[in-house]
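This is the structure I want to talk about, given as structure tokens.
Here the chain labels run A, B, C and D in written order, and each chain numbers its own residues starting at 1.
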């Protein structure tokens, strides 16, 4: 059989075809998508702030030991320490924001009832909200991937048992489940770490269901059957074909889920079962400010706005990602 | 055959404006449909036949648009452009408005049968209800009358026990039965023309046979004209009176059925006939057409078939042949073909040297279009992106829920 | 006939889930490190004897599975245990608090459905037009904003600044007007609405936003269906296509989402009741958590999970009723 | 690198010698023309539900309200045939006839419910686990859908190498060399090695599929509708390549398709399937020119021939395929068969039986509007009912459906309700009476006619299996039709 010059090569197709994978294609589409781009901007800013505050806090601990409350925040003129209470009488409490007639530029968002700079606390609040959101989502994703992949690939009674268990957890509203878990497991003294684990567990069902349905649809693909027909081992089929191909939609979902997680964690902290004072956390700040609703309105506004903008960032990015990965829109 | 055609299409052009460029899906096709005949529109996927048929009803969806030509139905202008005072093309005054198209043409004058019987019926309404709605709308009948008519029509298209099945939902029907329902819809509106877009492609052979027989009988009974869109030459041979063969947005051959098969004038039609295995005799060796059809976004220069044509000569690369009468049948019907090898085209085919072609046995080449756009002529931009299938075969549509 | 059978089947299917939930809550409540009695007695002066007495009363000296079986036996008879802090039976407590929560959740749903569906449909029809963009931004804000913060903002604007609406509590329509000193049923009704308005919007906004997004996508997809193309080709007016042909199909996923979202709504009720000081199940739950009144916590968790399961079953049945393709009686 | 059973190219220079891809066999070899694969009594049933309590359903109308369903789809039911080395066996049938299931069961992608699959004398139905996996090097498959049969995230080179890797064949370099060599063999270019599938057209993807199947040097390839998703002109290109490769490597194909033209072109012998059974199997020319089963005849007559001068030569099959959950007894085609054999109980003339048969089908499918007895007699029997007992039964049936008769003779219909077989299949809607005509009772009439005639026919009582003398060639001609008894 003569094999002629093949023509696919000859200039007709751009060189990118050689290497362009689904992922690269997706990235290109995200760059073109305004929604996704804006989401990306917001996420980048929020993540940068989180990273800064994390490094700041930990560096000072490394350098000066855990006891020291000295942080880079104090070395840089922009931030004061977010937790340290100024000595009574030294700082003005309940200052309104700078644009208000009574405000000052040194406290752009004013001060809280303890006289702490509210802007600093809002900035540091990103650390808890965002890291908890991401960590808890990751935990849920991990658990959900394992359970969902096993249930979806093996099917039969394995699937049945796992799915019934998942349904059970799913039946308890996440907020309730997380609070119950956090409070009981911590023995009555809730904290952020318990909340992360609680949220992670509460979201396993969500991810497990998504992964399972993805795996089920991938499992029906002919290339899985082709791999089986070729004698490829089950383990290799799962690792090389099933997981890579079912992961993309899950990633989108995870992005959107980070927003939900932040929302829920804020709610838990707002009720007082998450981050505890004096840790700066948006939900916790709203809890504190709840008592000052009549005296200092501003205290209730800033943390809520911060939560809203952060979640919006993740939602925008998730929506953009979804559009980029949706074959129906690609047509 | 009366002298005045029921439908006349002249130089119809429909284009899709996409991010990557303008797709000339239908690029200047002309044909007529006379009363009582079945006209075939044949071509491979991507030839533009479905877009062409939807253009006739002005139902091209975004980003597609009819950009030129004229469609006349019974003397009324379905589509037509004229030059405005400022030199801009604008829609003619006598062109039917959207409301007129909807109220007077779609359904009651021209009806359609779609390819996919599984998707074309609304899953949440009863089959009878959907049929009744269309009858009510297009024939101005009362609800009860329309219902009676619907039941009669279901029986007419061979649906057993129509009274019972009137109340059933589409998922309770088999594919063949659903296609019968779609045919009943088309006929029940008593149109003069039915556009059937690959109506048997999704069906099994025996069911296909049943449907073709049914259409044959009903066409005889009601005298309805058909435009039968298909890729299957077997079906064409079975049912059509006249045939238009489409290639890359153009009609390359137009002939009465017998002439098309027995006196083929265009090399593409010829090659297509040679490449299909036959059910009625054993063919030793298939003679496939080389390469694949280029994309309509940047068609080859000159004759669009020249890169794959066994008879291509140098002149084919330069000259773009329009569909021209090359022969007349005994019954004085014209036989048109868009190939310069015929005498009707006097562009020096015989003197022109044959095209040098690369040996490309079985690969589907996609580069031959740009194998050398050396000649002048209205060549399109650089290279065509072909060979690509569809987008990244993403598993798609995640989420939950089955149905 | 088929539907009845399907209903029976779905409810039968829920039984193992409910048993699972009871195990889960029981295990969670007993996960606590150390002694639940000491936890309960936090802040209360108690000697060893009293602790032992309470332990015996709650059967805490017996193995876990025995206690679980006891608890289950009680549950079946409607006995959910006893509140240590309030000294009342849990069932009684829940019964007295469930009304406001149901009122709140159902009105929030009514608000969400009444706004989201028309907005979603119009947005789908005017895809990529200004109306669509605005409604999408509204929906985006809706899914990104915590319900309790919306509640706080509403209070700040409408109660604190404008003074138009009350900031706390509910008026229960099932109580007589005299209880509140209302002058007849008209005022009673008006007051009920005035009190309900802010918490309803606070809780309903997220639902509205979610449903609006789903409605829009579903309508867009449905409008691209072959059956819509067919209807157009037969001269059906756009208005009919939108209202009948496309809408009917697009509704199906909405029904499912409405059921599943009950989970968020019930969770959100805890926060909303906290913000608006409503004496419902959510507030009771909050108090019980703060007091570590663990039989109350278990009872409420069970009840809320049951409400969710029932909600999902109802929507499933509604789906099966509307979608002719669902075959009753077969699993999933 | 391991030295597995099938590793012909291991110690050769992968680039130099064409026969790297040559097919030389080791061990128990089967000579050209000898039986390579034998399928014996193969059955594959599917239960319709899956899961923990599959098949158990609630039924409140009975006690105990639990029903253990045996609603099993008999996708493949007792199929026997053999395939010889080097030949192409075409397997043709309409959608839902079980041909794809048969292909997958032979490959052991599905576990057979019953029966044996002897490949080179070894029963594949017995194998499982690692032994089966190893065996897969010798049997490969090509799929219908060029879109979904290649993993979109894997490069073509990796796709082709995957089977070799799974069977420990060659080392990395060897595999790459062989993959590139194969790409050229199937009409692509070795430079395509690093591309992703989406860069290829449908026809090219089918070629990649071919290369993957060939990579482990199989003896036998199951081709499941490999060209039906392709445009006609591309179809011919791929078919030609498949034929060339078969010749070069001495491959054996089981070619599954619904398109009789393609089957006629590529097959040596052809098997026709209907509702889980093979109804006819013969050499190609014999089958197409001298079909001996009414279903095959109907199938052949249904295909539109691309020749306008051959119009109107078609006969059309009536009705629809019954449900495979409860297929008709005896010959499965009998419910639609235009040549259903007359029951021996009655003395018929051919014409009388033909009339009765047509009437029976019309009643069963309710294809006519209720009319008076005289009209029915005129329409279906030319005014003359059959004589004798048969005529009496027909008269009673007419009484059931005629608009001008009472509900006379409810006898037989009522007592035969116990028959579990779904003679009526999916043809009838389960409604009680004809709407609008109170004294028309379709169900009773149907039951009476079916019980008295259709179920008495030999076609309903015995499963046919006959050998017919071939007119073309010398191969045995199998036809499952009682007309040949």
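Here, a residue touches a chain if its C-beta (ideal position, glycine included) is under 8 Å from a C-beta of that chain, and two chains touch if they have at least 3 such contacts.
It should be emphasised that the depicted structure is a prediction, and the values quoted were computed from it without experimental measurement.
Participant: Based on which chains touch which, give the shortest step count from chain A to chain D.
Facilitator: Shortest path length, in steps: 1.
Participant: Taking contacts as defined above, which has more of them, B-C or A-C?
Facilitator: If we tally the C-beta pairs in contact for B-C and A-C, the bigger total goes to A-C.
Participant: If you average the Cα atoms of chain C and of chain D to get two centres, how far apart are those centres in Å?
Facilitator: So the centroids are 52 Å from each other.
Participant: Please tell me the distance, in whole Å, between the geometric centres of chain A and chain C computed from their C-alpha atoms.
Facilitator: Taking the mean C-alpha position of each chain, the two centres sit 24 Å apart.
Participant: Hey, what residues on chain D touch two or more of the other chains?
Facilitator: Those would be 51, 148, 150, 152, 187-189, 196, 199-200, 204, 241.
Participant: For chain B, jot down the residues that touch at least 2 other chains.
Facilitator: Chain B, residues with two or more chain partners: 361-363, 366, 386-388, 390-392, 394.
Participant: For chain A, give me the residues that contact two or more of the other chains.
Facilitator: 1, 3, 6, 8-9, 13, 17, 22, 221, 245, 328
Participant: Touching residues of chain C toward chain A in the complex: what are they?
Facilitator: 16-17, 20-21, 23-25, 28-29, 31-34, 39, 42, 140-141, 143-149, 152-153, 155-156, 160, 221, 263-264, 266-268, 270-271, 274-275, 285-286, 289-290, 292, 294, 297, 300-301, 304-305, 308-309
Participant: Which chain A residues qualify as touching chain C in the complex?
Facilitator: 164-165, 167-177, 179-181, 183-185, 187-188, 259, 263-264, 266-267, 270-273, 283, 286, 290, 293-294, 297, 300-301, 303-304, 307-309, 311-312, 315-316, 328
Participant: Over in the complex, which chain B residues touch chain D? Could you list them?
Facilitator: Going through chain B, the ones touching chain D are 44-45, 155, 158, 160-161, 163-165, 168, 174, 176-177, 204-210, 212-213, 231-239, 257-258, 260-262, 271-273, 275-280, 282-283, 285-289, 292-293, 361-364, 366, 386-394.
Participant: In their complex, what parts of chain C are in touch with chain B?
Facilitator: Spelled out, the residues of chain C in touch with chain B are 225-227, 229-237, 245, 248-249, 252-253, 256, 322-326, 332.
Participant: Quick one: which bits of chain D touch chain B in the complex? Just the residue numbers, please.
Facilitator: For this pair, the touching residues of chain D are 94-95, 146-148, 150, 152, 187-189, 196-205, 231-241, 258-262, 264-266, 284-285, 288, 298-311, 314, 316-318, 320, 365-367, 369, 426-429, 431, 434-436, 442.
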